[in-house]
Amino acid sequence: MDWTPLILTFKLAFITTVLLLFISVPVAYWLAYSKSRLKPVMETLVSMPLVLPPTVLGFYMLIAFSPSNAFGGFLDKWLGLRLVFSFEGLILASVIYSLPFMVHPIQSGFSNLSSSLKDAAYVMGKSKTTTLFRILLPNIKPSLLTGIILAFAHTIGEFGVVLMIGGNISGKTKVASIAIYDEVESLNYVAANTYSLILFSITFVILLFVYAVNGGFIKKFWQ
Amino acid sequence: MIDVQLQKSLKAATGDLYLDVEFKIRRGELITLYGKSGAGKTSIFRMIAGLLDPDKGRIDVDEFVWLDTEKKINLPPQRRKIGFVFQEYALFPNMTVLENLRFARGKQSDDLFIKDLIDIVDLGDLQNRKPDTLSGGQKQRVALARALVQKPEILMLDEPLSALDYEIRNKLQVYILQVHKEFDLTTILISHDISEIIKMSDYLIELDRGMIIRQGIPAEVLTNHNISGKFQFVGEILTIKRQDFIFIITVLIGKEIIKVVADEDEGKKLSICDKVLIASKAFNPIIHKID
Amino acid sequence: KHSQKSRLTIATSANMKLAMKEIVNSFEKEQDIECEMIVGSSGKLTAQIRGHAPFDVFVSANTLYPEELYRTGYSDEKAIVYAYGKLILLSMKKDLFPDLNNLNREEINHIALGNPKTAPYGTAAMEVLKNKKIFSELKDKFVYGESVSQVNQFILSGVAEVGFTAKSVIMSPGIKDKGHWIEIDSSLYNPIAQGFIVLNNRKDHLEEAKKFRDFLISEKAGKILNTFGYSVNSSQKVNPVLK
Amino acid sequence: MIDVQLQKSLKAATGDLYLDVEFKIRRGELITLYGKSGAGKTSIFRMIAGLLDPDKGRIDVDEFVWLDTEKKINLPPQRRKIGFVFQEYALFPNMTVLENLRFARGKQSDDLFIKDLIDIVDLGDLQNRKPDTLSGGQKQRVALARALVQKPEILMLDEPLSALDYEIRNKLQVYILQVHKEFDLTTILISHDISEIIKMSDYLIELDRGMIIRQGIPAEVLTNHNISGKFQFVGEILTIKRQDFIFIITVLIGKEIIKVVADEDEGKKLSICDKVLIASKAFNPIIHKID
Amino acid sequence: MDWTPLILTFKLAFITTVLLLFISVPVAYWLAYSKSRLKPVMETLVSMPLVLPPTVLGFYMLIAFSPSNAFGGFLDKWLGLRLVFSFEGLILASVIYSLPFMVHPIQSGFSNLSSSLKDAAYVMGKSKTTTLFRILLPNIKPSLLTGIILAFAHTIGEFGVVLMIGGNISGKTKVASIAIYDEVESLNYVAANTYSLILFSITFVILLFVYAVNGGFIKKFWQ
């Protein structure tokens, strides 16, 4: 039993989710409160990574990130960043692919929130940032949670993009989903089942824990 | 000196309201905005606080310009040093009562002041509760305490006591006046309660459909006749009972009810809910303090 | 820990995985060169090589991809054919003995084959069906797998009663000793040539890559390939070096 | 006859409130719950409406049992024919004013009645507006109209007029009474306004910390002394001015302000905001109707 | 240019989204308002289809749906329903796979909604169903929209499960994502690009239209 793919998977899902939080909150904030005419366009663009089959999306990313291309070459030359067949590349790809799962729920959370809370904080002299972190975000916890869970779970199961960008290098880009795929491909169903079961169980426990804490179940039984 | 000139057409599906007001407030004064529901009081508050942009206008506070639509100056709400009690409270649901107050205070006020405030608004037992689990009046008291904790230069209170009973209302009226004086605040109040207005405010502005229709010393504006030593009151008829050839009429004056006798001719003209003026011809009142 | 540079990286098409593992093992023993296998579908691997993947050699499941890579400059030498695949008809049903002549039987609802566009075994199966003139008759029964391995999954799960797949499949642990199969007459389809190419993405392993190429066409490797259901020389005698 | 017995311990982080009340309401009566903020008035309403489950208790409405914790009977809110004005309005944000009313009506009431109601609460211009764009008082009026449109058997009003000014408030008080009588409703009101209570209600229940502390005819409960022909009032001191050896004191009584003269000894004992009783020794009042 | 895959794709996405709406609203309602101890478990289970790589999930479904298995056999025998290699099967698979994208946003919408609206409707004698359709759902429009967009877009791009369950039968189960994948695999990049571009453009227009209507932009310019 090789544990590295599993460790790699959770590492990837965790980093991706954290990065997505940092990216999605400002994006969702803009989408929720902007009155720009470009807003529907931006909203649509955020959803677009979903529309292409993952492998195909991965294929386009591969072309874009390849050092022989302008963008990839620039990264390679100036930042020493190789995005193809590296863990960093996997992260970037997962972030792009899972973006809508995080942005949309947070945005709808902001939209549902009464604007008087924002007003009250502004009048108290609180900056937009303070208001965001102390007032807005804590009051859309269900939406944040939805975004986090969807992005996390999706990154774990995500596989087409990762396989294309990552190249299945063991210990570096061979995550659990690819390992399972490999085993199924080579008709090793027992190994595939084992991997699936472990992946499934660990994720189940993580999510169950998150939901239980969120629902106050832990607190209730603790007391 | 606060100098306010505002014009705004309030969007409405039908029956647009054109708000057009101009008034001055002296430093340290407590003025009240009074007027019918929908007259534009809350909208004026929101424009002064910077939460709503007027179509045209200017707001000068001492030497500072907060707003000047012509020069395109418009300070954000954060930079207008204002304490605000919202008509709908706008408490932060994620924070307890205490946390709501702590969040509101700037650097200047300390925990002791917060403790005092909590005691005064009678929320000692509730300080660790979330707003969702408070009664209407309790929420309103938290909202008031939260505005006071900031020790703002200008305090704006949008019906801060409407959900409260007589006793706590009285107590908080006194306390607001005290804070207003102690910290030399300029306070603007919205209220529908006449005794509250007369007791608390230095100056009254009455609005109707977006226009100022009357302004002046509250007692004068509201009572319509000069204060006198004559014992005369306006009251409302509660019941009328016929007894032989006279009518016994109970009249509500303030929270007092008195019986008055009227003769047949007088009595026939009156009906329940009528407003009446009751006066004495000669009067020499005695005054007793009640404890 | 070994750095990535010290190993010879072998990109292997998924259906060659088991055979290549054996070959790589004995190559490592013989030459004392550490190797790493990257497994994927040939199409994906090709796209990745074009994206400058750090692969040194490419063991493909067909000849189209290696040729394409040579033409577009990802290799300094032409592709070679190292083996030929054999097509079989496989079924997992207990009492169903596959036969090309009665595929129209009622109990056969679905016949699995590779997508002729992407999978070489699919192309071969199509040729067989056309040569036997039974394609149009069976048209509604076909389901297409993305690759040979998906065809295997269709057959294995029982949703397709029979299917055309590679002979190498019955050597794998999941299927060995299960089901019934027949080998298809190799005159009915064009040889399924499997191409190999040395890549020039990274120059630091060129020596080892060439050693691997030589090993792959050696008799020793040939024997291994045979046991996994491949033949090393085509019945139609095609020149091992392609145009 | 509505017979209410309720017990509930209201959850609170500290200082639990144990609510324990028992009272009867006759058909067609209008009774008022009165009491300090947080006394449990809204909680009683919610339990009667079936929105909050009591720990123990029963509610009988005529021959029907709405709630009996012992027999585990608990009718859902839908089956208790109740009209409810919520303290926080609870208007439906997705519907216009008119749609809010239309949604609320059962099969019995027609569009004409809705039109009438809209006119009476002065919302004609606003009927196609969404609640978000209404002022506080306008929202309250919609909430009231929405409760009335149902013509419920029992009407429950949680501070239905607190955000309104004197004029519209008076008008709606009269209207509520009218509806109450016309449709033979049983009405329960929560109010802090003493004149409102005296004018409107047949019976008053005063609560404190979850217990009934007083009940009876409103005027008696609230004024603490019998109604008399004597002209005596409780008022509040607004200002005290010394003039030579006397004090001139302005006193607020209801919305009237009068001047009273006090001698030096008396005057020294008094201070601003004191409550005082003012009485005349002999009095023969005249009564005038005001139009 | 073969248009059938594109037509099939939008048909699949549309039917799946509609079905998901019917399924997700009750599920989300239960999750939002239930106080059951099982709630965190159910919440977790809804997210689980995301965790497995689509092809693997598809493989497990394939086994479950196969007429030689109990479940698939039952369907086949009693309902005459063949779920493998049929359009119906694709729909079922897509519904299962996209369920979390619809359920979670709607659930968080319900949770964010003030409970007094529900109370007000109940007191008026409105049933739970009336309240749900007339009051709750119209007031969580941003969340509903998020769910619909995520499920719709995701079904369009979904490909691993569909490929496995559907068997790539042209005109029946060969949707656009598979067609694009095919072209990429056979190094037909031009054709793949064309398909991608068309798929992308049509979806872009659809989503843009939805967002513009939702944002009131259409209304504003219409008047």
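For clarity, chains are labelled A, B, C, D and E in written order, and residue numbers in each chain start from 1.
Throughout what follows, a contact is a pair of C-beta atoms (placed from the backbone, for glycine too) under 8 Å apart; a residue touches a chain by one contact, two chains touch by 3 or more.
Everything quoted here is computed from the prediction, not taken from an experiment.
Common neighbours of chain B and chain C under the contact definition above: A. The chain with its Cα centroid farthest from the Cα centroid of chain D is C.
One simple way to say how far apart two chains are is to compare their mean CA positions; for chain A and chain C this gives 36 Å. Computed centre separation for the pair chain C/chain D is 85 angstrom, with centres defined by C-alpha atoms. Centroid to centroid, with C-alpha atoms defining each point, chain A and chain D lie 53 Å apart. In chain C, 44, 47, 153 are the positions where the chain touches two or more neighbouring chains simultaneously. Multi-chain contact residues of chain A, defined as those touching 2 or more other chains: 55, 59, 184.
Those residues of chain B in touch with two or more other chains are numbered 88.
Pairs of chains in mutual contact: A-B, A-C, A-E, B-D, C-E, D-E.
Residues of chain E touching chain D in their complex: 114, 116-117, 119-127, 134-135, 138-139, 141.
Those residues of chain B lying in contact with chain D across their complex are 11-15, 34-38, 41-43, 87-88, 125-126, 128-129, 133-138, 140-141, 158-159, 162-170, 174, 192, 194-195, 198-199, 219, 222-223, 227-236, 238, 249-262, 266, 269-270, 273-281, 283-290. Listing the residues of chain C that touch chain E in their complex gives 41, 43-44, 46-47, 64-65, 68, 110, 112, 115, 117-118, 142-146, 150, 153-154, 157-160. Taken together, the chain C residues at the contact with chain A in this complex read 4, 14, 17-18, 36, 38-40, 44, 47-48, 50-54, 147, 149, 152-153, 156, 169, 172-175. Within the complex formed with chain C, the residues of chain A that make contact are 55, 59, 62-63, 65-68, 84-85, 163-164, 167-170, 172, 182, 184-189.
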